[in-house]
């Protein structure tokens, strides 16, 4: 997501982390509220876990998947989503940024627009969600009864990285719409919060048509269903281990839409 | 005494109508919301369908009961959602503007209560019709079914009104407690999370283990959406339904009484400290 | 050197009537109305000049500033700022200009001003020694002192505007755009801001382009004014020619009236 801005001497990465450090310092001004909000964020996806737990006490399996399979799937998706939220949820505030004309300020600074928007809207309380995701992830991966080897670990890391990219792409799409409609589209929640909520089960649970949609329109299955088939040992095909890399291509059309949005902004000033 | 009460009642009604009109304006948001809820209901039923296929004997409801439960839940989401609380009220508690509200010749508890009811019903009325319409015409196993008989339907309507009243009374409790805490937001998130789990939004209560379920059913959370939705789908009926409705009435009386007591304490705090 | 030649800019404004049916119709088809913001604007500004850009609300002042600072692309016409086309090479261009929007802050609200400065140093890739020199110089000129160790939200409007000015000059821009820099300030702060801009211009030879409704700003800071109305340049000349030696507010009001804007 962080694009180099050409000849600048100070790297974009350093600027990004400088933004984050400023945002954390801002947050520290309101310590009590920071702690309570963090706690709330921390608990926020706890319910889903309880749901899975009780359902499996009763049914023991879903569409051929066991509790451990679902645990792995849930923790990988939660990890992908919360990392993406940490990086790119700043785009959620984007309709406000455009409407109040704050994007003008972004345009007058010699840095990539995405870098500035992401940095400036980083939400430190989201970090607590990531902490929770890490805990669930460690629990999930160690209790899923998987025969870990180097290749599987590598595949898992690639899956998480690319899954994060897919979710970031969707946040980026939502933000890009703000250039055209001045409001984000609430419908996009289906693809963000909905995907986190229902992505806890491998997508083929929802039937063939849904699987096809989530492969060719938005590549969720490539960062969930297929690599997990390899990791859990349900399939030996090596290609499944690296298929998430294809999902990362999803960022390209998202970025193109963003460029289009910026172009529109430059010509209309919204 | 009576004329005074009547006047207050009329004030609340006009307040209600104003709110209702305001909420009806956000049509685009409503359309987007309907689409979202439709997809969510669909996914939810899909998951339970898959569970049902893997072990039908373990399924604690009939499947068409579950489908009705989920669609009713999506259609009347706004009536029972606990995270759907009003920021305006929280803001005016936090910044002390509540003092201005106190100037109006009307009880603040009653006023906020009427306002919450209006907000919830206006949202629900707008959203339920299209969702229900589509849900009735879906193919098996997604289709929503009609209640078994007219008596069930009447019980359902009564219990739904009671359920919403319990929900609002619970939220009122949170508003009132906000007067005494530094971070209403934290309180709110934790309350919403608890309610989501215990009132049967994450999974319907019959899907909990039997012993957990029997405890949960006694809590006020179960008196919110659990009772009406299960009466509608025919999952509880007859004596059980009567018991559940009685429990709803008990919780309404209890929660409103507690709420009013805390309200009085809060008002004392506001008038002593000046907000 | 800023050269603007025959710049035109129109906006499309969507129109729709109230009502649900209309909203649905608007979803598929919209009626647009074209509003001309700039109509064949040309002027040039030399290095080190100060120019007051005036006109009533909605005349096209902000649009011009936005085009010059690379935010907007014009429909037609040419514009060169020190040889750069602002909207073509945005990043390269904005690294060499400073922009102050009087109505909007560029400081981070909850941290001390100096923290904002540090972040700007990284954003603009300012070398450390240049940064320190500029910061100290600007602090002295603007009398910032302890102010920069205070969070921006605790500053008065006047103090904040002084910090805004410093923030937009840390990277030693050649050109400074000021969009209503004195709006809402008290008399003391206004004078401080004006005196600073004059000194900046005379000592650093920074080109200053200023929009304002306050004619005292113009009187104190610039010699040359450009008057714009209904998207056209109506007048480009010396301020003394307009005011004579009388009341400048009255003179400008008369001008507006004579052009019917």
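When the chains are written out, they are named A, B and C in that same order, and each has its own residue count from 1.
In this section, contacts are C-beta pairs under 8 Å (C-beta built on N, C-alpha and C of every residue); 3 or more make two chains touch, one makes a residue touch a chain.
Since the model is a prediction, treat every value here as computed from it, not as a measurement.
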Using C-alpha centres only, name the chain that sits farthest from chain C.
B
Between chain pairs A-B and A-C, which one is joined by a greater number of C-beta pairs in contact?
A-B
Most central chain, judged by mean Cα position vs. mean of all protein Cα atoms, is A
Whole-Å separation of chain centres (CA-atom averages), chain B against chain C:
52
Quick one: report the Å distance separating chain A from chain B, using the average Cα coordinate of each chain.
31
Using CA atom averages as chain centres, what separation in Å is found between chain A and chain C?
38
In the complex with chain A, residue positions of chain C that touch it
11-12, 63, 66, 69-73, 87, 90-92, 94-95, 97, 99, 101, 104, 106, 108-111, 115-116, 118-119, 122-125, 127, 151
In their shared complex, at which residues does chain A touch chain C?
5-6, 8-10, 14-15, 18-19, 22, 25-27, 29, 101-102, 104-105, 107-112, 116, 266-269
Residues of chain A that touch chain B when the two form their complex
32-33, 35-37, 39-41, 43-44, 46-48, 50-51, 54-55, 57-64, 185-187, 189-190, 194, 197-198, 201, 205-207, 210
Which positions of chain B touch chain A when the two form their complex?
29, 32-33, 35-36, 39-40, 43, 46-47, 50-51, 53-55, 58, 60, 182-183, 185-187, 189-190, 193, 196-197, 202-203, 207-209, 212
